[in-house]
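Note that the chains take the letters A, B, C, D, E, F, G and H in the order they are written out, and that residue 1 is the start of every chain.
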Amino acid sequence: ERTGHPEVIFGLGKTADQTEAIFARLVEVHGRALVTRASPETAERITARFPEAVYDAPSRLIRYGSPRRSFKGTVMVVSGGTSDLPVAEEAAGTAEWMGCRVDRIYDVGVAGIDRLLAHRERIREAHVVIAVAGMEGALPSVVGGMVRRPVIAVPTSVGYGANLQGVTTLLAMLTSCASGLTVVNIDNGFGAAYHAAMILQLVAEADA
Amino acid sequence: ERTGHPEVIFGLGKTADQTEAIFARLVEVHGRALVTRASPETAERITARFPEAVYDAPSRLIRYGSPRRSFKGTVMVVSGGTSDLPVAEEAAGTAEWMGCRVDRIYDVGVAGIDRLLAHRERIREAHVVIAVAGMEGALPSVVGGMVRRPVIAVPTSVGYGANLQGVTTLLAMLTSCASGLTVVNIDNGFGAAYHAAMILQLVAEADA
Amino acid sequence: ERTGHPEVIFGLGKTADQTEAIFARLVEVHGRALVTRASPETAERITARFPEAVYDAPSRLIRYGSPRRSFKGTVMVVSGGTSDLPVAEEAAGTAEWMGCRVDRIYDVGVAGIDRLLAHRERIREAHVVIAVAGMEGALPSVVGGMVRRPVIAVPTSVGYGANLQGVTTLLAMLTSCASGLTVVNIDNGFGAAYHAAMILQLVAEADA
Amino acid sequence: ERTGHPEVIFGLGKTADQTEAIFARLVEVHGRALVTRASPETAERITARFPEAVYDAPSRLIRYGSPRRSFKGTVMVVSGGTSDLPVAEEAAGTAEWMGCRVDRIYDVGVAGIDRLLAHRERIREAHVVIAVAGMEGALPSVVGGMVRRPVIAVPTSVGYGANLQGVTTLLAMLTSCASGLTVVNIDNGFGAAYHAAMILQLVAEADA
Amino acid sequence: ERTGHPEVIFGLGKTADQTEAIFARLVEVHGRALVTRASPETAERITARFPEAVYDAPSRLIRYGSPRRSFKGTVMVVSGGTSDLPVAEEAAGTAEWMGCRVDRIYDVGVAGIDRLLAHRERIREAHVVIAVAGMEGALPSVVGGMVRRPVIAVPTSVGYGANLQGVTTLLAMLTSCASGLTVVNIDNGFGAAYHAAMILQLVAEADA
Amino acid sequence: ERTGHPEVIFGLGKTADQTEAIFARLVEVHGRALVTRASPETAERITARFPEAVYDAPSRLIRYGSPRRSFKGTVMVVSGGTSDLPVAEEAAGTAEWMGCRVDRIYDVGVAGIDRLLAHRERIREAHVVIAVAGMEGALPSVVGGMVRRPVIAVPTSVGYGANLQGVTTLLAMLTSCASGLTVVNIDNGFGAAYHAAMILQLVAEADA
Amino acid sequence: ERTGHPEVIFGLGKTADQTEAIFARLVEVHGRALVTRASPETAERITARFPEAVYDAPSRLIRYGSPRRSFKGTVMVVSGGTSDLPVAEEAAGTAEWMGCRVDRIYDVGVAGIDRLLAHRERIREAHVVIAVAGMEGALPSVVGGMVRRPVIAVPTSVGYGANLQGVTTLLAMLTSCASGLTVVNIDNGFGAAYHAAMILQLVAEADA
Amino acid sequence: ERTGHPEVIFGLGKTADQTEAIFARLVEVHGRALVTRASPETAERITARFPEAVYDAPSRLIRYGSPRRSFKGTVMVVSGGTSDLPVAEEAAGTAEWMGCRVDRIYDVGVAGIDRLLAHRERIREAHVVIAVAGMEGALPSVVGGMVRRPVIAVPTSVGYGANLQGVTTLLAMLTSCASGLTVVNIDNGFGAAYHAAMILQLVAEADA
């Protein structure tokens, strides 16, 4: 509440029953609710009871209701490979639910640098950048070096072997040579979007 | 440059000669320079040649020149214990050098929660919060739950044994139960301040 | 036996057959038995044969018989999130089975500090406190700073990514800045309750 | 204060100046003070200014003043090898300073089980047991199986190679097969003693 | 062959087809074969075709044929908990298949030291001791301190949380304070038995 | 010898005496020698006795004699930051001593992608590329995506905190999204150069 | 493309639908395609639609089309145990698809050194050697000491316990005492083959 | 004592005073003593007071007195590189002090397999083999495949980067593909020799 947004339900490890109960209470009190990491079963249950609720399978988000206000400015979500899509969409969908306009540039991994460079101007125009990548996690470093805006790095658990389920990606991002990059937990698209929304909310309120 | 600030010199592992050379070039080109992790020897050398340069021993920062503009709003730096002071001051000094107004609340560890709560209102008034803590790294979680503003967590290498030179603190902050917290590398006060300054710069430029 | 309590059966990895056999022997010899981490199958088998045995699904405990004596004083079990409930209830149920009176305060995570503070007096009145938390594991530090009684921290495996299946929580609790906190293994509600019961048993016997 | 004892100064990483200043304040306010991990330099400084302060080189403790009350009952400190002595003495000295009577049994490692068994009765008579051990950390498991009292395990950083500076010892103690053992950080004799004193304080106050 | 024993088939990750093929070849060439970690399916297949082959479900061994010679002396297998049984039996069965006489003492964990001490003389009479334990892995240290014979420690993956799937047990055994203990991989009862058999073979051949 | 080059002396942990003795023998037998990680003391000793030996302080190499043949083609050494220079030069110097022509492009970190892109054509013309980088280790991924030649990645121990003395960099490079990258040990410029020289030697000999 | 080969599809974690779509596009554009880590389901789907596509179950490769050119020289794939076969075949199949002639020597683990030595001459005749091994990963060290050609080491995840899913094998290969060995990620036969093909392509093009 | 040998003094972390006191007591009681990891200072002190004591600088052993009996048979110590010498000599010297005849073959690393093979017969004649190696730790695997005798592997902390101070070597040896290898802690030449002596003692006593 302190932030102007109802608490978000972390769906993982909750039964459909538990999620439904919390969801119903949030809808009643706030007229809005968001579930992350929702299983198809939970989604079915919620959307059956709340027809306005929308489930997005790739991101596993259930969204309900509109934000109290729409923020000025854009959150850019860039990501490396197609396997990073669920996390990128968790970020994008959360930011939208919180009132942000979102721009997406996907599949621009650093091993094909020209694809990324082709979007340089569009990336520079965003107010906040969320860079999602797995494996060696280099994308945020390259993006960080391109913009004069806050950049948030999201490591994904995409990779195998020496990737250690994303721990390598996480640690690599934390030792990035790009100044001012901040990092969230592995696969935590939600957290990155929340931080981005706090920034746009500050802009909106400082602006008033 | 892309951000409107000259590159910052990371002093660790550089000789006084190397640092002096880069410093001189930055002063010439930008009229401003910042060194982090400067040794006393390097500081002596630089301040002897550049009398306007100021060395702050606790934070190990050498600052020179004024920011091009002063941002509206305040960066709050809170920290847990007295051993976290060097890192907190690296954050505070960097933010100031970049044009931010800084407010400091130190020695408010979570094991004495009342000391922290006494400052709740002052913390809520800041535009961006940097929370610096070692050991179990709980401070950012508590602070994160108090404010409607972006919070950046800085783990310090203060602790022993199971602390693993700050790695435990870092990982704990990354799994914080407070939404939207972002994290930087261990002892990286500089990086947190840079991210904070990017936020205030956005406020300033979006505001214009 | 040395402690005045029969050995407790660790149900994980034991077949229903194995557990039933040990259970029957304990009931015969001691008139009491406790199984932790019991699967529903095992529970069904035991309760079918021993109708007085009670299975509690959330905590996965099977309890049988009454403690030889009831200890004076209260064990307080506080926990952070709803996902920590199974572990908190393993602690609470074990303590009760051993003869302790238990008070429970759940869902008081540190990111919403006011919920926790609302119970401050009640927590201070307990004789021993068991603080159960996952993720960054900050709850025991805050609670530890509030009371003049022994506090036992129980890390849970609730979390993902940088949480490393609770290892981060465990290590964070071990480097807590609250004095005198002791820690048990991840998800080991049983162990914390056992230690708490040893304390109340000491009070009872020293008291005599 | 909440516990009836002034805050204890952790000497590691503090200058003689810093420690002296905090020490002087504690003496003034409480008439008592304790420094752990004090360097010889700091000790010299403090004892020069406060002649009543006592420095014990092996444990690196500086003690000043008497406890407000002496608790009934005994804290037993057992330890494995001679290299564990500094940690064992940190525990013993802290417990004494807090008002506990302490009994010591040192050099009773598990590879010579008869030496330990020779003291079985004396160990069983204690109210609380602190078991200090390095290397494989087996001592607390054996002791834990002998007594009907709370046992606190202290891993030490004694060992090399696969010992990983005590992390192996710590983790081994956390997975002990003795019920109800609790564990503190590596080399944290202070923390174990503090927990033990909280137990004896409870006995004393519950007793009143 | 170099050792006088045919190569042993490691069943894990091999299909019934693969195992059968290698088994048949070994039987043909050597008249003897041993499979470790055999699944029930593989066992069924092998025993159907080779009626003399014997499958032991707890140890997952399939044994076929008799050793060329029976060694003088006894291999003692001691183990801590009932969950360690499969590994202890892998050791015992392998040693027998190689020509050793085996003595077994199970369920003598260090937290109930008297059960272990009751067998002290019998353990001292063995020629080689294999000590199998999970959790904190203390058993080999205590046993090692009792005998004048080679002791081989086998860590098991029995435990949870801080046990790290047996890695903690393994590392603890490697830093044992008992002199001359050697260690094999986690759950590697086979390897310990092989080493023990090499010792008895040496005794036999040096003896001749 | 098998490769056509004398064994190279790894100077770390060898006394000046030891290194000198081996060096003298190599010079006598092969008329050539190379020492890596030579301390200034060792270098002084060697160059005093062998005036033709050349010590290069940044790379810590002592080189003596000329390669038997000069290979066709170029080894390109690119590196990220100035702190990576010693490792980059160990690679470059070793390659030269083995008969390779070397081209160097230093200080082209990925956070300033334009500096790197400015050299794209020159990099593509090389026969083999060695990419040296510390911190997040992204440089080899970007370079790998630019060329049709074998690329060898060298992680350096440049970084702090989450960098874990280069282990993070190493693991990140191993999970690179660029196809066909191979990796050597942390700071092992020598090994990368040796592999590169084996490639040019193959070209030369296959060519003949 | 930059390398003269179409991008290769990493099948793991892709649905049959996703893989089929990318496959169809690659076939259309390049007339060639390769899928690694293809599940049987995906293979069935692809081979039904593209009858010329060939699925090899052990290596999980789907190959389609012929290389633009066949390189001169041979890639030798040697491997340690039968469990390493899938990875060895991923390397061999990839190299063939890219235009390399491949020679295979399997089941030559270092614990039976004579089997390996029997092939010494054949191994020395290859242009590039890929050495695949699990467990302690010693094979590439021994092979590396035999040849005057580039050697690429591939660690496999074959092993248990202390093997840590191949991480031990990986790290062991990176600290090999054989000069000039380079290493790829765990189980990454594809990557090793790609590097080998880049070497033969260089030979071919430098040769022209 | 239980083994027929006085306890051995581990010199690391003991002052010259402490070591001297224990040494004097052992000499008095047993007429024999052994110190491992003795510093030059300690050695000087001991040899000044006990002129018969012999200090060997490379192995850091101080030996005093003769074994009660000399065992039949030979302990072979083989090692990989010259840097492994201190550990190999700790093993050799300890074995001699305990009554074993020792044969040494040093500098036979697996990357030059012929040097090792040249000694194959001599190695096969030993009764027990101790194989000492750093880096990838492959030597014991190759040796283990050559002999019909017990083999003990000693990992050394020789290596850098991915070697992780010998932890990689240790884990690699534990997952060796040679049957029946047992392993001791990193750099623990003493422990390997003790195990070897227990074997020869068994041979001697079983023989009698």
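Everything below uses one rule, namely that a contact is a pair of C-beta atoms (placed from the backbone, for glycine too) under 8 Å apart; a residue touches a chain by one contact, two chains touch by 3 or more.
Given the structure is predicted, the values throughout are model-derived calculations rather than measurements.
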Based on the averaged CA atom positions, which chain is farthest from subunit E? B
Where are there more C-beta contacts: D-H or C-D? C-D
Between subunit A and subunit B, centroid-to-centroid distance (C-alpha), Å: 25
So, in whole Å, the Cα centroid of subunit D is separated from that of subunit E by 41
Whole-Å distance, C-alpha centre of subunit B to that of subunit D, is 36
So, in whole Å, the Cα centroid of subunit C is separated from that of subunit H by 47
Where subunit C touches two or more other chains at once, by residue number: 145-146, 160-164, 170, 174-175, 179, 185
Chain pairs in touch? A-B, A-C, A-F, A-G, B-C, B-D, B-F, C-D, C-E, D-E, D-H, E-G, E-H, F-G, F-H, G-H
Show me the residue ranges of subunit E that touch subunit H in the complex, using the header's touch definition. 2-4, 7-8, 72-73, 127-128, 145-152, 170, 174-175, 179-185, 190-192, 194-195, 197-199, 201-203, 206-207
Can you list the residues on subunit B that touch subunit F in the complex? 12-14, 18, 155, 157, 165-167, 170, 185-188
Going by the contact rule set out above, which residues of subunit F touch subunit B in the complex? 82-83, 158, 160-164
Considering only the defined contacts, which subunit H positions touch subunit G in the complex? 80-81, 109-113, 117, 135-138, 141-142, 144-146, 159-164, 168-179
